[in-house]
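Two complexes follow with subunit A in common, the first pairing it with subunit B and the second with subunit C.
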Partner chain A sequence: MHELLLFASVPQHQHHELLQQLAGLTAMQPRHALERRLIFKAYRKPGLGASRTGGSQDLQASGDLQRVTKMLNGGMFYTQVVGPVAENDFSPSGPDADVQMSGTEGNSAGSAGAYDYEQQPWRLEFRDVPEAGTRSAVTARVMATAALPCGDVVPAMNAWGYHFVTEYVVEGDMFTYGDIVLFLHRVLHYPSTSLEDKEPRKHLPALSEMSVMEKSGSYVLQASMTVLDGSNQETMKTASRHLFALREKLRSAVKLEMADRLSLDTRAK
Partner chain B sequence: MGIAPSHGRLLHPSLRVTAEKKDQPDTLPVEIAQINEQWGSFRDVNEDILQAKIAQEQEQNGAPPSDEEAEETDLDTAERRDRLYKKRNEIIQFAAQSHTEAMFALDFVSLLLSKHAPRQAETSMSPFLKQVAPLGSLNGEVVNPPAKSEAALNDIATVSRGWRIQNFNSASSKLLDAASRLDSEVTAESRYWNEVLAVKAKGWKIAGCHKIVKHSEFSTASLEATPIFRDRGLASLRRSADGALLLDKGLIPAGSRFVRVRVKEGSNISSSSRPSEQNSSNPDSVEYQILQARDSVFEEELYHELVREARAMAPSGVTVRQDHIRVPASDDLEILLDLVDSNDESLGCGRNSSDSENLLADGLAHSIRILLAFAHRQNLHRRTQIPSPLTGKKRPNPEYPLLRPALAYFQHLSYVRRLESFLRDIYGVLHKAGLETPDFTISSFINESKNPGHPAPPTLEVLLQNSLSPVKSVFRGDLLSSGSSFEITVRTTLLAPPLGTAYKVTVNSPAPDFKSPGPLGLREEVEAAIIHILLLDVRPADEDQKATPAEGHFWEPVYPHLGELVLAGQPRKYKKMKVSLSRHELSLSVHRVRKFDALGHGGQEPESQPSRLHVWICNPSEGTTAESSLIDFVSSQTS
Partner chain C sequence: MVRNSSPMSLLPSHTNTRSSLQSQATIISNNLVSVSEHLSDHRDLLSSLVAYPGPDYPGRTQAGILEQLLRTKLDPRVEDWVARGRAAGSGSTPASAFTTSDAASVPAPSALAANDFKPLSDAELAELWAWAPVEANQEARRRNWGGNFTLEEREAGIENVVTGLKRQLEDDEGDEEDEEEEGDGDAEGEDEMEIVGVRRRSGAGTVEFDVAAPHHHKAEPVVPLPEILRYMTTGRMP
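Moving on to the complex of A and B:
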């Protein structure tokens, strides 16, 4: 699948107004979304791809081998694992309070709202580097999304050759305009703790304790459209046409433009 | 009204041409000068203004000025061309003359200035002047004019004061006019906007339209409707001169229309739905008009969707004609749908009939409207989800389920009733025969409720969603054999495959003979299956009851599935009984069999005389009930 994107930066003071404008444009109420995002990095498994090929092999074999080694060693990407969470999953009480609550009898109503890491659904989102040298003024990249089992994803990801790097939370509102998804969001960081960056958190801190990554509190408006068959020029053109039409519509409010290609580079160095 | 104020002075009555007839027409230069003097420059004149002016003159003079024109039209073309050339020459001459005069003036000024700035002045001097007059040969000096007399000064002061007063007067009157005009405009405008706000307060979506001034739009159709109806649902609210709200209906039809549902039983129409009552008493109020416009658009959309659905339902026998849809609901029930004017009195035939008669049609009419509203809500739900990836294929636009749920209900009802009457008949036969079969129970219209998603949708949507799910009825009954029961499930759906009505007959019994027939498609198959089950059930029942009177002799079922029993116990004399059950009768025929083959069960056909055939029939419908009871008959045969 291919993804076509346009981005715009929205300062905080414009956020509320833009929300209303988008609600009017799309004729729907915004859907508030909170997502945990875990970043995983592919690592080279020891032993794989270490086989050095000799210099004097026949062309047929070397061609196949080259392809295999290229596949194994060529692309090393960061991927992210996304899990939707609800606002009341962010409990102000720490992990100790949760234990107490689950211990007390008849307090099930209170503990029902607590965050349950074992039930957290996840999906794997792979994004390639945006295509280079495209003439049209949209960011286009190969994408793939796959559902993952609930609960702890780290063992599964480790088995696939990825290790956990870091995590953050994305907060925003989502709109649908025809085939375009508009996501007005910003990135939140967890408050720094001692066991940082070892594994995904089992408990979420209070939402008010989360700090905004962009200190000015500005938002990013992302207009995205997915195309099933990226090699079909006709649908790709239709998709970019739709995005351009949206850009024209929103011209007086925000300036949607393509992103810098290398800033969206997901390759692991 | 439509003319900009800068042109106003041209139309002022005091600037009219005085209607004096002169002996000789003026020459063109004179006329041009005159026009310039009187009316100002030609630059502001255009055809509209002249036309307006002519019309005004005609209005005021009353004299038809068409004499000259009539004469002119008589002139032939050659003459007109000559005249045109002549006029053209005149214009050229006049232009040349004015050019000469302008050059003279230029020469004069240049000569005058040449004293002070000889170099500059020389450039604008004509060569002739340069030859004739030397530079700087002309000078000018300021000369004090002679003092004017006191009287003249007084006159001038008076006249100028008079002019000023006049100007002030006209200015003030103009300002007052403007003020009053603005005042009325403000009143009208505020009235208009107040009314618009009142409309908005009632929950209508209102949007300003920039293209046309003083006009706002509002939407009567649902945003989720098919695009043509969504766009047609836009109507504009215009402002009348005094500020009252005018509803510009645009494409919305004038009269109110509605989808009429008629139910036809046999050959005559039994009930017909009526349009909904309008609450507003004042038919001129904007609110009433808006409501009417909304209803009309909704009804048109409803009919459009009904036609769309009816076309897809053609395999079920639904026909669409130019002006109506005909839906065969069940055996003698037919539903007719058409779009009619609601205030057409000729349609009032159904209005006088009582409510209970129209219950069916009204119910159907309400159900299709509720389902359309529900479909709109589903559209909204679908629209706000994250869309699927774009492909080259066009997305299908499935028909809304409007008629199909109702049709499934009718179909289901008819099938359930038939099955019920069938079971009642056969149970009647069994009871009449003296068998105490426990009665069956019906639980009709069970909805297969689905697991609601997360978060749970509103109750109303769950309710409607359930009405779209397949309709199910279950018949349950116990059999005479101990611990045995049967269950018949009837399931009807027209929305998802398998379409139509399907049956499932299951038997719970420890006896090995009973086997569940499983899913069945046809009514006849089900009836056969029921008869078969009951027959199998009758047989052991006979067995139980008959074993008692004659010890040692009992009927042994040989072909239980055919209802054949054999009286065993007597070595050489066999009696064979055949039980047959149908909807209307239960019959037992007993005859003697000479012998059995080696397999023990295959009965050879006996050389039976008719006198030896004993028959017992119980047929409640024809009234032929045997005098003796079933048990007595069997006992007598056993002994």
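Moving on to the complex of A and C:
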């Protein structure tokens, strides 16, 4: 599958206005979304016999996981594991609950609120480097998404040759406009702890403790469209035409542009 | 409303000129109409007439005029006029047929603007002329005219507004001096665009005079978009 993208930076003071404009344009209410995003990085050359060992053994059955395995072995890439979370998953009692989590199992289940790491659904989102060359002014890249088992994904990812790098939370609103998905979002950081860059958190701190990555609170507007058959020039052309039409519509509000290719470079060096 | 404003009162002869122009135009148009009537009334006679120069015509010296008078084909220039007139005439006929058919229900002016390829009928024109002054007046009353800055700009702080002018515009809200000031400024011819500055800004990726520009000076994102995307892809902090 291919993905066509346009991006725009939205200053914080324009955020509310743009939300309303988008709601008007798409004739829908914004769908608020919170996502945990875990970044994984390939740490060994692919194809070194990792495919049949350990945690991935029971995953081999599923068809699209097999496909992903093949894809992931094509090169060294950063890849993301995305888990949708709800607002009330962010418990206000941050550090205490962390301690309890590392303590007895039964205790933590009671006090850690609604969030249950073992039940967290994940999906693996692989994105290739955007295609080189600017024959059309959109960012186009190969993409694939696959569902992962709930709970701890680290063993499975390790088995594929990936180790955990970092994680953050994306907060934003989603709109659908025809065949285009508009996602107005920003990155939230966890309050720093010692655990930070070793493994994904088992517990989420209060949302108010999260800090925005971009200090001025600006948002990113991403207009994306998925094309099933990326080799078909005709569909790709139609898709980018739709994106351009949207860009024209929003021209007076935001400037949607193609992203810097290297900023979306997922290759691990 | 317009008539009371100062530029009009500075030119007292303006209205006279206009009315005299109008009467001249009417006279010309009346003459043209009567010529055209004569031509069409006596069409049969004129088309069967043959012009012939008398024996005492100075054919050698005035050959140019003679040729002009005797030529049977039209001058290329004139032919162009005729073609244009014919096109205009044939274009208007179907449209007027259309408008007379539903002249009873005159659509709203906004709807008319949508299909602008059809000329307005007289009724629609009258409607538009009746509607426009009232609407324009209402729109004008809603705004506070005469200042150098919009309300939006003033709220955001006028010192941040990029005007592209070298001289400082003052914020003359409720200030009586603005007319004099404007006069001075124009007289001194200081309203040059500072083009270099404008270009420099547009080169940096943000074009100054866009519709979204009024917000430009407020809280510009600190981290550029590529850095955010890079972090989102690889987790590398900017």
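The criterion applied here is as follows: the second predicted complex is superposed on the first by the 218 of 269 C-alpha atoms of A that agree within 3 Å, B and C clash if a C-alpha of one lies under 4 Å from a C-alpha of the other, contacts with A are read in each partner's own complex, and residues count from 1 in each chain.
To be clear about the criterion, a contact is a pair of C-beta atoms (placed from the backbone, for glycine too) under 8 Å apart; a residue touches a chain by one contact, two chains touch by 3 or more.
In this text, all values refer to a predicted model and were calculated from it rather than measured experimentally.
In the superposed model, A:Thr176 lies in contact with subunit B only, and not with subunit C. Touch criterion not met for A:Tyr162: it reaches neither subunit B nor subunit C. Once chain A of one complex is fitted onto chain A of the other, the partner contacts of A:Trp122 are absent, as it touches neither subunit B nor subunit C. Contacts of A:Phe90 after superposition: neither subunit B nor subunit C is touched. By the touch criterion defined above, A:Met28 lies against subunit B but remains apart from subunit C after alignment on the C-alpha atoms of chain A.
Contact with subunit C, but none with subunit B, is seen for A:Val220 once the two complexes are overlaid on the shared chain. Touch criterion met: A:Leu228 reaches subunit B, while subunit C stays clear of it. Counting the residues of subunit A touched by each of subunit B and subunit C gives the higher count for C.
In the superposition on the C-alpha atoms of chain A, no part of subunit A is touched by subunit B in one complex and by subunit C in the other. For subunit A in complex with subunit B, the residues that touch the partner chain are 1, 27-28, 31, 174, 176, 178-181, 225-229, 232, 234-235, 238-239. Listing the residues of subunit C that touch subunit A in their complex gives 210-212, 215, 218-235.
Subunit B meets subunit A in the complex at residues 223, 380, 383-387, 389-392.
Across the interface of their complex, subunit C is touched by residues 7-9, 11-14, 37, 39, 41, 78, 80, 127, 165-168, 170, 187, 213-218, 220, 251-255, 259-260, 262-266 of subunit A.
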